[in-house]
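So, here's a batch of structures to check.
Both complexes below contain chain A, partnered by chain B and then by chain C.
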Partner chain A sequence: MSRISAIRAMLAGAVLATAASAAAAQTPQRGGTMNIIISPEPPTLMLGINQTTPTAIVGGKIYESLLRYDFDLKPMPGLAKSWTVSPDGLTYTFKLQQGVKWHDGKPFTADDVVFSAKTYLTAVHPRSRPIFQRCEEISAPDPETVVFKLKGPFAPFIMAWEPSTAPIVPKHIYEGTDFRANPANNTPIGTGPFKLKEWVRGSHIHFVRNDDYWQKGKPYLDEIYYRVLPDASARVVAMETGQTHLSAFADIETFEVPRLKALPNLELTTKGYEYLAQIAWLDFNLRNPPFNDKRFRQAVYHAIDRNFMRDRIWFGLGKPATGPIHSSIPHYDANVPKYPFDPKKAEALLDAMGLKRGADGVRVKVTMESLPYGDVYVRAGEYIRQALGRVGIQVTLRSSDVATWGDRVRNWDYDMTLQVLSQLGHPALGVSRLYISSNIRKGVLFSNVNGYSNPRIDELFDKAAVTVDPVEAQKMYSEIQRILVDDVPVAWLLELDFPTFIDKRFRNVVTSAIGVRDNFADAYMVAK
Partner chain B sequence: MERLEFIAQRLVKGVVVLLGIVVLNFLLIRLAPGDPATVMAGEAGAGDEVFLQQLRAQFGLDQPLVDQLWAYVRNIVTLDFGFSYRQQRPVVDLLAERLPPTLLLTGTAFLLSLVVGVALGVAAARVVGRWSDSLITVLALFFYATPLFWVGLMGVLLFSVTLGWLPAFGMFTVGVPLAGWALALDVGEHLVLPALTLALFHMAVYARMTRASMLEVRDQDFVRTARAKGIAEGEILRRHVLRNAILPVVTIAGVKAGYLIGGSIVVETVFAWPGIGRLAYEAVLQRDYNVLLGVFLLSSAMVIAVNLATDVVYSLVDPRIELGA
Partner chain C sequence: MDGFARRFARNKGAVVGLAVLLAVLAVAAFGPLVYPDSPWDMAGAPFRPPFGEHLLGTDTLGRDVAAGIVHGARVSLLIGFVATIVAVSVGVLVGAVAGYFGGRVDDALMRLTEFFQTIPSFVFAVVLVAIFTPGIGSIVVAIAVVSWPAVARLVRGEFLTLRTREFVQASVVLGRSSLHIIFVEILPNAVSPIIVSGSLMVATAILVESSLSFLGLGDPNMMSWGYMIGASRSVVRVAWWTSFFPGLAILLTVLALNLVGEGLADALNPRLSREGR
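This part shows the complex of A and B:
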């Protein structure tokens, strides 16, 4: 029965030994099995038809895209070894890697890329569809070259090539089939460094090394097991005891982070989320009074202590957001109006609006949707209720599950709600969708649900997206940020940092801006 | 003969009830706001009209509700449980995968709690008023009042983290191919903590109930008569007291057995046990209608079957009870 403790003792020994010979461990070596937490369990591993975070994490080992991105979001070679953009910003030419094979042994060619972008993704992928519909022509002049001709310039086109936005899928399996119903979705075939061996639902997903991987000698790991651990406390135990070697995103509750950080066998990093760049914000339904009054929204913004939220709810992870664009995303500008925590100013604004405190101290009653993405958002919601209560805004929290929340928000049936969304490497991919009036579409989540409409903002976002010169684009994005922050269509709260815990026996785990969603071709285990 | 007739009658009634349950369940879960397409869009952080339409068409949600219901009932009659579009697999496969782990867990816990619970109850009743009776009663009260997840977590902390004796989660050691006895032993090791956690609560119920029931029966006239006849105390306890005292326990055990198939969401979640309770819980959150209906149907069938079995067991334990009366 003391098998586990024996193994633990052995492993502890191994860690000590490697620490002593840290220099020698810098050369990656073959071998090793990595156990990784996955929660919730992904519905499928086919990245083309499902883009949830768990699908992206697990499916990212199978499917690859043309490019990867470093921590500063500079493109790096992926399935494309080089690329050029014509000076007018209309033609993108990608040269593909040689000797790439699908997991079933068939060769990967430019035709697969053309099929993926032109036929497959535009049919099934809600985020890629608008990107590839901008293409006038997608062609493969030879088996190693793909050329995208755009109808007009679109600067963020170069940022669209990570596996959850543009996974390259095998043409020979999907052409002419019903993409969503294709049985091959259960036996995914990609070009990535790991192949799916077995999926025991509710328990684990087993990957084995792809011996024919196009980067010779890689991957270093022999096997990966994704362990489905639905309980937050069980996940902490798994990391603490070394039974799993990697946790990411919201696997570990924020209040457990300080304790795990102190453990000698774990390393904490917050890198690897630069591409996603998630911001949490408080969304106002601008159709409902008093949210249609800018002074009210500013008062709410002033009433919330974002440093407190960061320190006490997120336990130091993240930083207060200054506006609609995340600071790790291109065209961020810090020079915008500021909304420091100032309850007195909030009360003054509310007084100016004529919202006086009643006999019970309440100025106005509003409702707020609890975001059903985990306990941390429940606590954030409770804090906001308290903070607004102090300036006389009585908030009733409505809790719900994802389906109910989604239904209310997409149908505009809310006063306020917390929201979190990724910015996907470029404001034109992940930010403009929330503010341009052409994207006010009832029934569609993550559109412009709050109903913000400003012709100047529409014009600037439209122009900026097609501007090739980055300096010109920056001017427009800076103006956008100043106007939006002054208007406060939503209150941007925090740029989220997620804790990634890595067992110190593993190296090179987080190597790009998509972090744990990347393919792990470079990850290796130090010698025993 | 009478017994067979009774069973046949109840089976026919059971099928009718089951069909009613199917229709009711189908309509009930549609009352919940949102649908699978909304959930998938919500989880992915993206979803335009085309995406939602595609999903709804694929799931058959674009058809009128009555048509969907009719199609579902028609399938169920032919024992076709439908397809989980979210997981891209037939519901029957999912249920078949998830049911054995659940039955292993709940079945073990059920037997353990029944046997140990009744034994503790009898033991307590025999020494009523003494310290060992108090100990059993207090322990039973403690486990009855303590939330399952807390007991589970404390078990993990003590036996897995601190002592390292037992695995903290999962049903078998992942990554080590085992077979035969080695596999059984491995699963057994993984089973100890979740089964105990689940059993402790029910054990407490049975122990308290058996004790109370025994105390009530042992002062009755027929027991005094038996004692006057000079029958040995052990014999009286077994044949006269326990046999009469066990009826309420059978009733409760029957009710609990009906839930065996539903699994325990809490214990399966805490111990990452790949059972049907978690499948059902996740299906609710994901609005995976067919999976949920499949679990409901299976559990309803189980409840009906167990109720029938309980009635038959009554007549065996106490021949005065007539079937069909």
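This part shows the complex of A and C:
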């Protein structure tokens, strides 16, 4: 063989090898250990009792629910392989997967689902209690079928089946015990792809592969370590150096995102938060003048440059919100009145109200609570103060700790404040609570604190939640959005994006609308 | 007075310190004429480097760093001086009464003073500001509350020695009131150490205010140097100037106050300082 042909052969071999490794990268491989940042450390792994984000992230590997949701929030099979909804919207029938076993080897049956929904969750889970109390009857006609009969139609029922809303717990361990004090809470038994091996408090949580997992061949990873890293700069270094392979939510502070994004070993995604769908908004106390005047609220909305906030304060993460419903929620409607950044229009509205500039250029003085959720919200408050100052609204900021902020807001002792909340997959679960007048409850945070009351909105929200026909329901949700955006009960600022950084050696990590809180049965590591 | 100025001028550091301090005072007094707009306003594009369109660059929201320093000088000096005046007033009163009357009054007042001295002062200030809602008033009060005990002990010591001097005894014999003796006879003779410690206390007060603002416990409506550093700490890799210049301002001001304080000590206590050399 001549030299040239030898080189050719080598080149061809190299090409083939590259092609082979590319093909290998497409098919998931067994093996590998994933190190994941967790901060703060979860108080427990028992998802039924505690639904904070860290618990949901770690507990989501142990506990599963009947369904999963894709990025468009369409249901996918989970512990249920199929499901049907009766035409009147009253009966939900789930067919369960076969061959599912609990981590202790006992078989999983329909009785476990009935026990979880009927007895366990209604006793301990604040968010799913009102959902399952809508059931007239929950029954298991055979070990692989569960039937939920509702008292009345409730469209969001199909959205309740992710692990932090409806974790399925083992009946044989919890029945007849004190659910909160059961020692099994420390040694959680679920159906998920990973089993808890060891939890060293303050250091790490160690998971090993569940060899009896009901999806044959999965999970691909052998082990998962959740590393407790309370220090923000330590988390950045851990991701930079590849010591950890995954960060999510607020693990990496926004100002570090542009730098980490440029690193060759990391991939940034903002997918996987569709179910939570957080919106940040400026809340007005409608009881206090001049906030009771719609024109004033519209003027404030026009005076704020939401693109500036996104680019300069959130470092490009997120997108300007256009109304009460997050655009990742299927009921979102973009066809609503628009409030572009327009200080001149804001001034015209204020003039029309009769709020003229005084000798010092000030039309009116108001106060604003500084939201104590960290630097980003402090900057946002400062920006809003200056932006409103330019149109003659003098804002005085009040700073406080989280508890004081909560006390002031829930007791209606504020003019304006920033707020952030999740929408939980459906307007009836996460949106209506902020605007319906029956939820004006003094002393309750995240209720309708600003006192918005509109009989038409109450009626539409009530009707839409029980309407079975999706087209009819959508009409109502569209009308709700048009009325609310015209009224501006609050000024919706930003749909928040969280940065998830994934080490490029890992694939299929974020595969559903609950992102890193999902069970990671599909995640795999590419061989070097 | 001539002798005083000469003695002060002999300390080169003090002269430099005085010059820097006068410059800072001038910036605080006249700077806002150059930067009339609010230092919180977005003056231009964010993260502009210094020595371009904006003398000291702009920060994360496009706020002018130079404007912040100029307006921050007012806040820092105001808080430094007001807090010191309050602390010195309280300290002098407590120390004078304790030192002059002695006995049980002294015991009671000194136990109270020690009570305040045993609490770590910065932690105490943080707690006070957090309780009373961050604002310029609560910051002044907090700094004064943690600073007066040192003055009280100093003044008490001075009063204890001066109390036994002949001119005081003469006043007692003449039938002067205690009030007269304390404020007219003794206090003027104890004023030098008070001035020296007061000037150093201004520097400490500025540092405490900056630290509080750095932690986010400053007045949210007042621009201050400590706030500027705290707010820019997160972007120090991207825009060093946003925290460097306010830091420099604090360093220079506090250093100048310390130098001036030393110079005053030399000038007011010629014998002590000459022995020290």
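Simple rule for what comes next: the second predicted complex is superposed on the first by the 505 of 528 C-alpha atoms of A that agree within 3 Å, B and C clash if a C-alpha of one lies under 4 Å from a C-alpha of the other, contacts with A are read in each partner's own complex, and residues count from 1 in each chain.
Methods note: a residue touches a chain if its C-beta (ideal position, glycine included) is under 8 Å from a C-beta of that chain, and two chains touch if they have at least 3 such contacts.
This structure is a prediction, so every number in the text was calculated from the model and none was measured.
**Student:** Given the superposition on chain A, are chain B and chain C in a clash or a fit?
**Tutor:** Aligned on chain A, chain C fits beside chain B.
**Student:** Contacts for A:Ala262 in the overlay, against chain B (first) and chain C (second): which applies, first, second, both or neither?
**Tutor:** neither
**Student:** So, does A:Asp401 touch the first partner chain B, the second partner chain C, both, or neither?
**Tutor:** Once the two structures are laid over each other on A, A:Asp401 reaches both partners.
**Student:** Looking at the overlay, does A:Thr44 come into contact with chain B only (first), chain C only (second), both, or neither?
**Tutor:** first
**Student:** May I ask you to name which of chain B and chain C touches more residues of chain A?
**Tutor:** Touching more of chain A: B.
**Student:** Please work out whether A:Leu229 is in contact with chain B alone, chain C alone, both, or neither, and reply first, second, both or neither.
**Tutor:** The answer is first: A:Leu229 touches chain B but not chain C.
**Student:** A:Thr52 in the overlay: touching chain B, chain C, both, or neither? Say first, second, both or neither.
**Tutor:** first
**Student:** From the overlay on chain A, compute the angle at chain A's CA centre subtended by chain B and chain C, rounding to the nearest 10 degrees.
**Tutor:** Reported to the nearest 10, the angle reads 40 degrees.
**Student:** Please work out whether A:Asp375 is in contact with chain B alone, chain C alone, both, or neither, and reply first, second, both or neither.
**Tutor:** Second partner only.
**Student:** Looking at the overlay, does A:Arg312 come into contact with chain B only (first), chain C only (second), both, or neither?
**Tutor:** In the superposition, A:Arg312 touches chain C alone.
**Student:** Which partner does A:Arg180 reach: the first (chain B), the second (chain C), both, or neither?
**Tutor:** first
**Student:** I want to verify one number: the closest Cα approach of chain B to chain C after the superposition, in Å.
**Tutor:** Checking C-alpha atoms only, chain B sits 8 Å from chain C at its nearest point.
**Student:** Is there a shared patch on chain A that both chain B and chain C touch, and which residues make it up?
**Tutor:** Chain A residues touching both partners: 400-401.
**Student:** For the complex, give me every residue of chain B touching chain A.
**Tutor:** Chain B residues touching chain A: 32-36, 38-52, 54-55, 58, 86-89, 94, 97-98, 101, 153, 156-157, 160-161, 163-171, 174-175, 189, 269-272, 274-275, 278-279, 282, 284-287.
**Student:** Residues of chain A touching chain B in their complex?
**Tutor:** 1-2, 4-5, 8, 33, 35, 40-41, 43-44, 50-53, 124, 126-127, 129-130, 180-181, 185-186, 200-204, 206, 223, 225, 227-231, 233-234, 237-238, 240-241, 243, 400-408, 410, 421-422, 441, 443-447
**Student:** Which part of chain A faces chain C closely enough to touch in the complex?
**Tutor:** Those residues of chain A that touch chain C are 253, 255, 259, 312-313, 370, 375, 378-379, 381-383, 385-386, 389-390, 396-401.
**Student:** Over in the complex, which chain C residues touch chain A? Could you list them?
**Tutor:** Residues 38, 40-42, 46, 60-62, 130, 133-134, 216-217, 220-221, 231, 234-235, 237-238 of chain C touch chain A in their complex.
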